[in-house]
Amino acid sequence: MRPSGRAPDQLRPIRITRDFTKHAEGSVLVEFGDTKVICTASVEERVPGFLKGKGQGWVTAEYGMLPRATHTRSAREAARGSQSGRTQEIQRLIGRSLRAVVDLAALGERTITIDCDVIQADGGTRTASITGSFVALADAVRKLLARKALKKNPLHGQVASVSVGIYRGVPVLDLDYAEDSEAETDMNVVMNEAGAFVEVQGTAEGHAFRMEELEAMLALARQGITELAEKQREALGLRH
Amino acid sequence: MRPSGRAPDQLRPIRITRDFTKHAEGSVLVEFGDTKVICTASVEERVPGFLKGKGQGWVTAEYGMLPRATHTRSAREAARGSQSGRTQEIQRLIGRSLRAVVDLAALGERTITIDCDVIQADGGTRTASITGSFVALADAVRKLLARKALKKNPLHGQVASVSVGIYRGVPVLDLDYAEDSEAETDMNVVMNEAGAFVEVQGTAEGHAFRMEELEAMLALARQGITELAEKQREALGLRH
Amino acid sequence: MRPSGRAPDQLRPIRITRDFTKHAEGSVLVEFGDTKVICTASVEERVPGFLKGKGQGWVTAEYGMLPRATHTRSAREAARGSQSGRTQEIQRLIGRSLRAVVDLAALGERTITIDCDVIQADGGTRTASITGSFVALADAVRKLLARKALKKNPLHGQVASVSVGIYRGVPVLDLDYAEDSEAETDMNVVMNEAGAFVEVQGTAEGHAFRMEELEAMLALARQGITELAEKQREALGLRH
Amino acid sequence: MRPSGRAPDQLRPIRITRDFTKHAEGSVLVEFGDTKVICTASVEERVPGFLKGKGQGWVTAEYGMLPRATHTRSAREAARGSQSGRTQEIQRLIGRSLRAVVDLAALGERTITIDCDVIQADGGTRTASITGSFVALADAVRKLLARKALKKNPLHGQVASVSVGIYRGVPVLDLDYAEDSEAETDMNVVMNEAGAFVEVQGTAEGHAFRMEELEAMLALARQGITELAEKQREALGLRH
Amino acid sequence: MRPSGRAPDQLRPIRITRDFTKHAEGSVLVEFGDTKVICTASVEERVPGFLKGKGQGWVTAEYGMLPRATHTRSAREAARGSQSGRTQEIQRLIGRSLRAVVDLAALGERTITIDCDVIQADGGTRTASITGSFVALADAVRKLLARKALKKNPLHGQVASVSVGIYRGVPVLDLDYAEDSEAETDMNVVMNEAGAFVEVQGTAEGHAFRMEELEAMLALARQGITELAEKQREALGLRH
Amino acid sequence: MRPSGRAPDQLRPIRITRDFTKHAEGSVLVEFGDTKVICTASVEERVPGFLKGKGQGWVTAEYGMLPRATHTRSAREAARGSQSGRTQEIQRLIGRSLRAVVDLAALGERTITIDCDVIQADGGTRTASITGSFVALADAVRKLLARKALKKNPLHGQVASVSVGIYRGVPVLDLDYAEDSEAETDMNVVMNEAGAFVEVQGTAEGHAFRMEELEAMLALARQGITELAEKQREALGLRH
């Protein structure tokens, strides 16, 4: 039995609210149950140094948590003077995941920066961030298309993400904090809308896991991501 | 005529939402029109080094802006590796203002840290932060009183803040961004519920201002803060 | 009775020594009693990034204290690796105050950087810094005018500063350390030579202060700044 | 055809040289073809703050590359003042992987720090680091057992790692730089000696990958890690 | 002919002013011609971590330059966030030189920190710093002896320093900036009052120098340091 | 008697291995007994800012130690976020020493960066670094000459370095760690192949040293450097 009473293959209630703040080209509040992340997409007409003059754009992400998004307050990274290894790992993952569905040449020499700021954490902040960021990115791209800054849509797919794990011996989908802190194995899966893998990151927390456990988790992930991709399309007013 | 159509002595719509996030001892979303700040109060059973063994507590504040809280994206301070001078100035102001109504000895050897994170900025983020933080602080103190960690209430007053300025020659209350970026003078005033000054910070942006202008601005501030203090009491379910 | 035996409206002995060091375009040792600050003005033929190509100049300030300028040694900021919030607050204040009397367009595309380094501290280091910096700035401008680098004088006024406060219930002018550390209210006032406000920063240290206290302090400040502006003119060899 | 002429399931020549430097409790030079990493294990009789008084030990890792380990010189992280996100990601991975086979309670209140320093890079530096680090760790543990500092062996298994990927449409084992920079998919797998997963990290570089591709890569990884675990036992003078 | 008109073996005018600032246990303004350095000695009743519980004290030094001590303004190290390699080299040299004449055990578990802050630079700032610091240190020790905090004098000698070099083919003593920037060889020598070497640091700026040049420079240094040691004794009111 | 059994004027076994790693333009493993340093030379077609447009090149050096190159592990500088004063001092010394034999104008607008990374330390890491770096630099220059990037050889001499000291009253050559940690005086000498001084740095660790001790040490240094220069020529396949 899961602490939340959910079935093993059941997502938490998912909500994707567009236009959450008013300045950004894309602004989304994504909620996976009690995990709440603001994802904004900012368009800037310049590219990082390593891309200058290459005729292509860039999509990158930054991630942060409000100090009291968690059970106990954690030090503010700006005050401490550096981003933790965990933060950097997550923001690199978000950026890679989004770039997997972007044609950077079609984007032109501009950068879209995604900011994922967790205002309340209850497990799965990186998977919620990826899922919400895609919607913010799509909104920013729409604005660029609407004002004719882009000739063609640089997005060639959708990307969403969910966590899976082994909790008390049972493979489960979309772990909340109560499960996550106790899980034997924790895996974050990023897939496109066709169910192909963009990223797989699995870690044995307790015992090492076997191939059949891996396969069971990946099957759950595929099912969850199919639902999340549908939620993204609903939020964006799209139908298959 | 003000860009927002408000009367010179009119506040923006003020909203104070308690229990905005679930983990903090106090959590408030404060809105001064389109300026939105999450203020959380976190209680920790330790004091900073300079207070160890002195039998008193501490109240301190940290301030941040989400990178895209503003019209154009500003660099994330955690990524840049330091807090700007502006950020430090603001968080020092918030901390001092709150301590003005706290009996630190009555708080005991614990620290209450206020985090003010601006999720949308439209002028007056520091005054909104102070006004909302007081409510978050009051909630945290109530929790400490409820679980008998405190014998007496360490709060001996209310504190709230508003900006005033000279906009196109006219003294106005609670400047939004459109006014603020054009104002000749900008002043932030912090007062207690009795209308006495806790902090006054006025800066001539254009021409230096005269004593009668200062007095007109301070009168507006007093009126605005009286209203804000009433909003705080409403939010906290208190009546005069 | 003040610890120094001064009357409530009496400044400490003020000394302004020009050409204190030999390399800078302006170099002033300013003394407010035992508070001693070296203020230098350095002219550089470039502007910060945000002003490039805008046809105007910039005036900015940096502030520091020698580690043993104070009663007990404080850590060297260069060794610690960052400037404190207090330092940044002060240097921002000095820069804003000076810019209030400079026509930046008339300055042309150059930067004047004011360095205020406190070699001995006894209260009021920021007000002494502003007062001395104006003289260093005036000297640097004279050199630019003398070598025809400027067509017209970009200075359109004088700026000076003093602290006022409530000490043992009495409003007093120009607090020294003994008073400052015990004052109920501490206020720094920056004015131009016409007695108009450039900056007002007041903080209740003990109880919140009332309007009549504020007015008494501002009257003292105006009187003190009038005297300081006269000292500046004397130092510069000017007469009204 | 692979650039190196290897069969798809063929490891590069693997060499594990123990006692490579003289001061460390464990010191290994591990070579995966032209990738060469010095792995040292250092024992210290203290634990990090978060473990104090908990009666258990800690195993952690740090990773670095000599600036000219690569084709073009990269900036020295010590000179730049921070470790890159990539570096932090790798050293966190190495630490987690090693801890998966250590009984931290049996280790007692001490820390073993693994330093992985790449002196020549040709792809797969993180997998070589993990594989070599296990041998360095085993040597350090042997020294602790030999001098009776430990009652029982805290190692309850072996851990090794290899990369797999899809190169020109074919799943291949142990990618070198020429393959890695061109691969469509890149996956790092960490397993114990029984072939169970400790960590799986796969990234689609080009197109998203399908379940059957994932399975083909994991099968190659298992075979490679079986060989690497055998190399580790040989190096340590162990036989099954 | 030297730019200053001095004879090759002639020091610049040397001035050592004690009690230059009022808070420090020792405070000296040392002048080697136009090079002016404030040296303060601060006594603190604690030792750095590596000396805790060892029953001995420590003497250390920090060095800084006011940004406009030099011909052109250099960036403030506190603002830049780190001390340059040159600064660290100099402060390490000053500390080592002073410790050469201190019996650290006799000092007891306390630290004397010397701060050398250059307010005007004209060559030889490190040698002036060492020479002035010794006097500041002696004053701090006298205060400790006077208040019976020390039983015996921990100073067992004097230390002073001067630069020598080859300028236009001629060995010269105590180079000023005009000479230093053009010298073929630059050497800083630290000696005790008996003319024995505490530190020798020589660098060929142009051509490598020969043994006879080295000997000529060292003979000049010995003569100069003999004079400087006499100046120190005069300043301290001592006679041989 | 020296701990190693060497005669007072005897170097440790010296080995210079070229082409130690494969990517760098020059790559040398230099061994002074148990002290082992990897020295690489990297050529980049750009110069630092202060040399832009001056038609000359630059040679600079960076130095690091693997954390466990020493008896006990020292903190990784990249993790700590800064290079120590000692590291900076050493890398500045290496750079200056090499530049003493390079015609920077003949090098053209390019930079050669020398990286010295100590993989095992047993005293004399800076002198081994200088000696090995010269060979790496010579190899990089040869490659530039071979591909006609340079018209003439910018190297106009050889540079090598050794330590000397007073150990138990006896002047000795090339101190190892056992001697160094106990020596009364420690001196690093850098000379060219003609026996002229490039750099001399001597420090009294115990008592101050006298002129005749200095001369005895310098004579030993000259003899040792003559041998080292011969070793460099052998390694480079040169004969006098």
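Points worth noting:
By letter and in written order, the chains are A, B, C, D, E and F; residue numbering begins at 1 in each of them.
Please note the rule applied: a residue touches a chain if its C-beta (ideal position, glycine included) is under 8 Å from a C-beta of that chain, and two chains touch if they have at least 3 such contacts.
Please read all numbers here as calculations on a predicted model, not as lab measurements.
Common neighbours of chain A and chain F under the contact definition above: D.
The rotation that brings the Cα trace of chain C onto that of chain E spans 180°, given to the nearest 5.
Because chain A and chain B share one sequence, their contact can be compared position by position; here over half of the interface residue numbers appear on both sides. In whole angstrom, the spacing between the mean C-alpha positions of chain D and chain E is 50. The centroid of the Cα atoms in chain A and the matching centroid in chain E are 59 Å apart.
The centroid of the Cα atoms in chain D and the matching centroid in chain F are 33 Å apart.
Across the assembly, chain B contributes residues 81-82 that each touch 2 or more other chains.
One ring covers every chain here, and the order obtained by setting off from chain A toward chain D is A, D, F, E, C, B. Taken together, the chain C residues at the contact with chain E in this complex read 21-24, 27, 34, 36, 38, 40, 42, 44, 62, 64, 66-73, 76-83, 87, 113, 115, 117, 119-121. Against chain E, the residues of chain F that register as touching in their complex are 82, 85-86, 88-89, 91-92, 96, 100, 157, 187, 191-192, 194, 196-204, 207-211, 214, 218.
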